[in-house]
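Here chain A shows up in two complexes: once beside chain B, once beside chain C.
This part shows the complex of A and B:
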């Protein structure tokens, strides 16, 4: 038995390596996607090493420099409380990346098994799950997130939970759709003939075949969550001072629209750059991983 | 489905922390007053009884009264038209900008105009609505003094009304236009590569007629569906933009009601949103079948 398994496995490993190399080559041929990846990695590095990179610690206030323009001491100037803008932007990157990635992971971990159950077993399980998903999808993502954030109370963790829960219905729908299609593939009856049980089929055969779709969907959900965090924090339902995020920065900059417009401009540009990078990366990954949509 | 949605709303609203009876009793923490408030709003009854009472009245068009003793139905009826007008204007902006841009990008695929349109659309997808709102306020209201920075004038003064709504409509429309443009471009490319377009070209139709009559009409089918699916994003845009521009519409009502923990108001507002969603999806199906004869035949 083990010999047979080895014989089967050996070419499979070589295959998957070759496939990765082909995909890597295809990816590298897309300059936009590569640029997106570089920027995303840049933001991730900034987020991880924020305390080392930021010139001033969180909550540091310089009362001698309130609303000053950029100088050698404060590269991007300071806000109305004497916070260094650059430091806030760097710590804001940390909050945004954290919310984007964790909310998406949370949504996937909850939604994918549920969607796969619905798609695999169909029948009443599917009916109940699909109906509930429809109900949740009837609430716009933002209203759902605002409501959840109001229930949970404002904090970074709760924003992550709210946005993660808000992203669940979309992921359920995708996992369900993919499973519905994949369970009709020829290798499913073949696995059944081999004596595979449901769990084996779902996790060994169907799940690996939908990873591409899930990766693409995740890359496109993260920017949604980053935008969502910005909106919630802007509305006062998100990160609370002295902690900072790009949305909080915009929210505190709003009263100074006439005096210090740069306070609104920098965090906005940071959000655009991060979201744009994820969107471009997601588009590129979709082109590479899913030949059906390649144009 | 609406019944389920209403239950979710009801349960969700009850999960918001804070005791509305205490909030309503204001400074007065006298237990007798709080009990009276609870009795008035049925807060002392079990949840299913509260739900039954609410849904029974809602079915009769009565959404109850909010914390300020104003009829929720009346408040919504006052605020909703403002947001609907804003929605309509935004959609006009989105369609007028997004669809031609998508067609041009598809027809001129790989040329500079395609790259320009695709690039702008990509940025448009990544810009937070409310930030764009702040920026256009800085430009057009603070620096140039062309348009008011916010607020709202009723439709009885059409010009002032439009002056107040044009900036928000452009901001919301820009995001939607980006989505429409991308969808239009990809479905036009699909259509232009299909057999019937080759046939149309082969029988000597002009390029104009091929693009506009054959490819365009077929591409509209997918775009209509996408427009319907974008409703959620559109509502999110309207909510934030109304807050940024200080427009007293349905969106700012939604945020206010959540911030003030006004149970009946939140329930009413969210129920209206969910109902609107169902109705729009129904409309999309109808339009879809009008545009696509293959579905009508079935």
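This part shows the complex of A and C:
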């Protein structure tokens, strides 16, 4: 045992920076995850700087170029109304990222405290919350989102709300489970005996210990929301023209499936790429943040 | 011992309602703790020593039914409201656990965790709390406290973590420090260091210490007075020197027979036959009767009361050593 040696040990390269470096190294050893991160960052940059990157503004129609193929003027061609495809894709990225991130944040903000309350207090609080969650989970995510979007009315904000609410039960379950496990840790009674109240214990002692799990769950919820947005928009429950998203692009491309396949292919590829990138990134993060990982 | 005890426990009983019926974990235990006294509570696993301590600060699960009283600072801790209880915990009475490895929150620096306590109880600013944390780390002899204060628990060894726990427990200058097997999880060499530290704390700060352990050596080392518990009862209480010089209860005698002593050649260590009984209801006989070599009719039909065999030396036995010799 090296305990004796450590008692009097020499200066050590300290602290969190070292831990971050270790995590970074582990992350870099996973090429898929790195690729996922690069693609995700790419989409985020495109989303943020969409107005600067897009060759044409939102709703710009070129009546001299309807359903044209790729050219120097319209890199990816135009659709039936003369909208530049590339510009629509770029603004679509903005809508998708926005919905994905905001819906996930919304779900987290609402679900995590509820789940933690259930897990911490147990008893009837837990019973009520757990049963309600089960009821919500019994609805398939999409059905729930479609229903909510139909009630709320079509708009980007309402899609975000619908998908956010649809993601709540999953987060509740995770927060509850983690809290149930973490409240048994020895540092909880230690904090109690130092005079901490319940709020301090829940938010200061338990919450930070589950951030890893929450981060992973978030990176896996975002692609779900992106996909959900595309589906809702495709069904006409989401973003309305002239605003654009990948889902609305697919929707408007559908009548031309036989004449101009590219109109469906571009947004379809964008969706696949974004969803895949987030999923791969989430998987990678889960491996890296798991303390049992040694590689 | 001063006339007014700091902490006075009377008739403390703890019962757990389990699926297999009630379980009497602590049975009418009374004791007092004087200012800056070190009180040792010894006994084997399951004798109720930890439960006794946890009930002092009300850390037991809700299935526990606690009766009796714990007088501290003019109030009964067992009847205190949650708000006042929180003000006592960590500020007036601190607790150290057996497991220093997991009693620290892994995601905060030790400075943060010590600081949290003083900020809560003493209302110090962030900066003052940090200064106090460094001071406390120094007090518990952690080398390079300025640097250690920003380290995370996983960067510290077991002994150092226990020192951090002690620093945290001492953060608000508590009157009582309850240490539940503080050295059990540690290396022997580290144990001695921690005990030295506790002795020093008592001398420097005047903190009274309740030390729970199954290790008689530890008790002999630093306790002023010792309580021996068996099956949820206090079976003997005496000043440490007196207890080791003239143990009265056959159980205590048995415990001492089971300690190896250097320089003494013996074929084998003596053991106490049998196991600690698990009792569901208060027994109508001596709890130790089944394992006692002096057991007789009286032992099996009556409960021995605690009685003094010598001044300040209480024992719950019909046949204490002193009377057998005579």
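By definition in this document, the second predicted complex is superposed on the first by the 276 of 295 C-alpha atoms of A that agree within 3 Å, B and C clash if a C-alpha of one lies under 4 Å from a C-alpha of the other, contacts with A are read in each partner's own complex, and residues count from 1 in each chain.
The rule is short, and it goes like this: contacts are C-beta pairs under 8 Å (C-beta built on N, C-alpha and C of every residue); 3 or more make two chains touch, one makes a residue touch a chain.
These numbers were taken from a predicted model, which means no experiment stands behind them.
Colleague: So, A:197: does it touch chain B (first), chain C (second), both, or neither?
Modeller: The second partner, chain C, only.
Colleague: Which partner does A:44 reach: the first (chain B), the second (chain C), both, or neither?
Modeller: A:44: touches no partner chain.
Colleague: Return first, second, both or neither, reflecting whether A:150 touches chain B, chain C, both chains, or no partner chain.
Modeller: first
Colleague: So, A:125: does it touch chain B (first), chain C (second), both, or neither?
Modeller: Touch partners of A:125: none, neither chain B nor chain C.
Colleague: Per the contact definition in the header, classify A:110: touching chain B only (first), chain C only (second), both, or neither.
Modeller: In the superposed model, A:110 contacts neither chain B nor chain C.
Colleague: Looking at the overlay, does A:58 come into contact with chain B only (first), chain C only (second), both, or neither?
Modeller: A:58 contacts neither chain B nor chain C.
Colleague: Identify which of chain B and chain C touches the larger number of residues of chain A.
Modeller: B
Colleague: Considering only touches as defined above, state whether A:34 meets chain B (first), chain C (second), both or neither.
Modeller: After superposition on chain A, A:34 lies in contact with neither partner.
Colleague: Using the touch definition from the top, say if A:142 reaches chain B (first), chain C (second), both or neither.
Modeller: The answer is first: A:142 touches chain B but not chain C.
Colleague: Starting from the residues of chain A touching chain B, keep only those that also touch chain C in the other complex, and list them.
Modeller: In chain A, nothing is touched by chain B and also by chain C.
Colleague: Can you check the complex and tell me which residues of chain A touch chain B?
Modeller: 131-132, 134-143, 146-147, 150-151, 153, 223, 227, 230-231, 234-236, 250, 254, 257-258, 261, 264-265, 267-268, 271-272, 275-276, 279-280, 283, 295
Colleague: Can you check the complex and tell me which residues of chain A touch chain C?
Modeller: Residues 1-4, 6-9, 11-12, 14-16, 19, 185-187, 189-197, 200, 204-205, 208-209, 211.
Colleague: Hey, which residues of chain B end up touching chain A in the complex?
Modeller: Contacts found on chain B: 1, 4-5, 8, 12, 15-17, 122-123, 125-131, 134-135, 137-138, 142, 186, 189, 231-233, 235-236, 239-240, 243, 254-255, 258-259, 261, 266, 270, 273-274, 277-278.
Colleague: For chain C, which residues count as touching chain A in their complex?
Modeller: Checking each residue of chain C against chain A gives 57, 59, 82, 86-91, 94-95, 97, 99, 102-109, 116-117, 120-121, 143-144, 147, 150-152, 155-160, 165, 168-169, 186-187, 189-190, 193.
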